[in-house]
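Below are the structure tokens for one structure; questions will follow.
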Amino acid sequence: MTEATTPSLRLTLAGARLILDAAVAKAAAMGVPQCVAVVDPGGHLLAFNRMDGALWMSFDSAQAKARTSASTGKPTGLMPPGVDDKLAMATRGQRINLPGGLPIIVDGCVLGGIGIGSGTGEEDRQVACAGVAALAGATRFD
Amino acid sequence: MTEATTPSLRLTLAGARLILDAAVAKAAAMGVPQCVAVVDPGGHLLAFNRMDGALWMSFDSAQAKARTSASTGKPTGLMPPGVDDKLAMATRGQRINLPGGLPIIVDGCVLGGIGIGSGTGEEDRQVACAGVAALAGATRFD
Amino acid sequence: MTEATTPSLRLTLAGARLILDAAVAKAAAMGVPQCVAVVDPGGHLLAFNRMDGALWMSFDSAQAKARTSASTGKPTGLMPPGVDDKLAMATRGQRINLPGGLPIIVDGCVLGGIGIGSGTGEEDRQVACAGVAALAGATRFD
Amino acid sequence: MTEATTPSLRLTLAGARLILDAAVAKAAAMGVPQCVAVVDPGGHLLAFNRMDGALWMSFDSAQAKARTSASTGKPTGLMPPGVDDKLAMATRGQRINLPGGLPIIVDGCVLGGIGIGSGTGEEDRQVACAGVAALAGATRFD
């Protein structure tokens, strides 16, 4: 039988801050200032921090990575070359394939995404992993 | 002789979080969930929180209020009617005259702005005041 | 007989700077820091200065005023209320009816426009007048 | 203890004009008409000149180069291929990797950026270098 509604989970601001603070702490430990964005499943911002020395332009890329992972339910940076840029253009820069975005998944439910920007792709990815790992029960990518 | 540079001050992430946390605490005490945005003098986001129950669309208005106060060095909501909407259109929605935006001023230097959105104009304004009041030496508007 | 081409005049950078510098000097004499934009007949920027203390958001409004006057060949601020805002929306904020925009006209030929922003409408208008008056032979509006 | 504010420096219009005029003089000496944009640390325009014969479309690219260098604190044109275009898309055309953008740095503090457009990448870069070199104490890139 097809149900008209289905149970879901929602990330609170407390949860978003937990993830954000863990990411900021990891970036500080790495000595790489970062922009850290946490978004809901609709890609809308829940919490954001730009660390001292991170680029203000990276607000946009951090948010785009977080939104992409929230929408796809997958890490960013893994799409085949060529297709990725066409999708970026078709979505006016929203669906972006730069490493540093991760979905926030609990019990198979996508609660949002985290996106990191200002470092190298690998640095960004590590910080995103540390953020997601701070949420008990979240699917890990490290 | 006109100098090529002049001394200034910069708000750190620690300072932005101080302001943001005070605003969130005030909104919680009022029982009104809010979007809270803190921006630098160029209007770029330093820190953001969307409280549980606040509107995701209010990210844009909170940010616009913060940016407007950061650019003008004045509270939002005080421009004469008619002119305000024309300025909003001329700046493509950037310069907005809804109450709830305050500049962050220390020693006569505009360090950025705070913008609040999701409540009534008066609620937003009170939360912005509480945010600014948390920064030692900042010009107060309450 | 209908000609295929017709003679025209073009404003040089030297001419644009003459107008801009006169506007900046007038604003300084008034003690009102301003954004000053000079555009060509296509509305594209030729020269711009933001004076110390003028609002960065006023780049957009100064440019919009200059573009509106370059396109209409008339001062801004004189359109009937109601229609003006509809035209602003229809042109995505380009055709704006805030005072402070003037066409640059020599021998009946529109060479561009000047737009001023950061002061009151009347202050902006006076600065624009001073800018245009600096160009020998230009139609004056003061 | 982490401080809420930190000392900084600000570029005046006088400083921006010094840089702009030196860039225009260099471009004139090279016989290559250019668009020259000088922005503050938030990427907002301080001063602009389009030389006779330069392309009006290069306003956008000159501004984007200046903004990119102001945000990153680095010359444009040095990012690895592939990543650069993804970052441009993620920032909706703001973060651009064409040569001709330089940060304006004094005492380790990024005061803004200069961006040049209408020539070849190498011509643009040389003009930007001449602009920055005109500011006493600024970090040089030639």
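To keep things simple, chains are lettered A, B, C and D as they appear, and every chain counts its residues starting from 1.
Just so it is clear, a contact is a pair of C-beta atoms (placed from the backbone, for glycine too) under 8 Å apart; a residue touches a chain by one contact, two chains touch by 3 or more.
Note that the coordinates shown come from a computational prediction; the quantities given were computed from them, not determined experimentally.
Tell me whether chain C and chain D, two copies of the same sequence, contact each other through the same residue numbers or different ones, using over half shared as the line for same.
same
Once the Cα atoms of chain B and chain C are superposed, what angle does the rotation have, between 0 and 180 degrees and to the nearest 5?
Between chain B and chain C the superposing rotation measures out at 90 degrees.
How far is the middle of chain A from the middle of chain D, if each middle is the mean of its Cα atoms, in Å?
Roughly 31 Å, centre to centre.
From the C-alpha centre of chain C to that of chain D, how far is it in Å?
That pair's centroid distance is 26 Å.
Rounded to the nearest whole Å, what is the centre-to-centre distance of chain A and chain C, using the mean of the C-alpha atoms as each centre?
That pair's centroid distance is 44 Å.
What residues in chain A touch two or more of the other chains?
Those would be 52, 56.
Graph of touching chains, which shape: line, ring, star, complete, other?
Topology of the interface graph: other, matching no listed pattern.
Judged by the touch rule stated earlier, which pairs of chains are there in contact?
A-B, A-D, B-C, B-D, C-D
Spell out the part of chain A that touches chain D in their complex, as residue ranges.
Touching chain D from chain A are residues 52, 55-58, 60-61, 64-65, 81, 84-85, 88-89, 92-93, 96-98, 121.
Would you mind writing out the residues of chain B in touch with chain D in their complex?
Residue positions touching the partner: 2-12, 14-15, 18, 40-44, 106, 111, 135-136.
Touching residues of chain C toward chain D in the complex: what are they?
Counting only chain C, the residues touching chain D are 12-13, 17, 40, 42, 44-52, 56, 59.
So in the complex, the part of chain D that touches chain A is made up of which residues?
It is residues 6, 42-43, 67-68, 71-72, 82-83, 85-87, 89-92, 94-95 of chain D that touch chain A.
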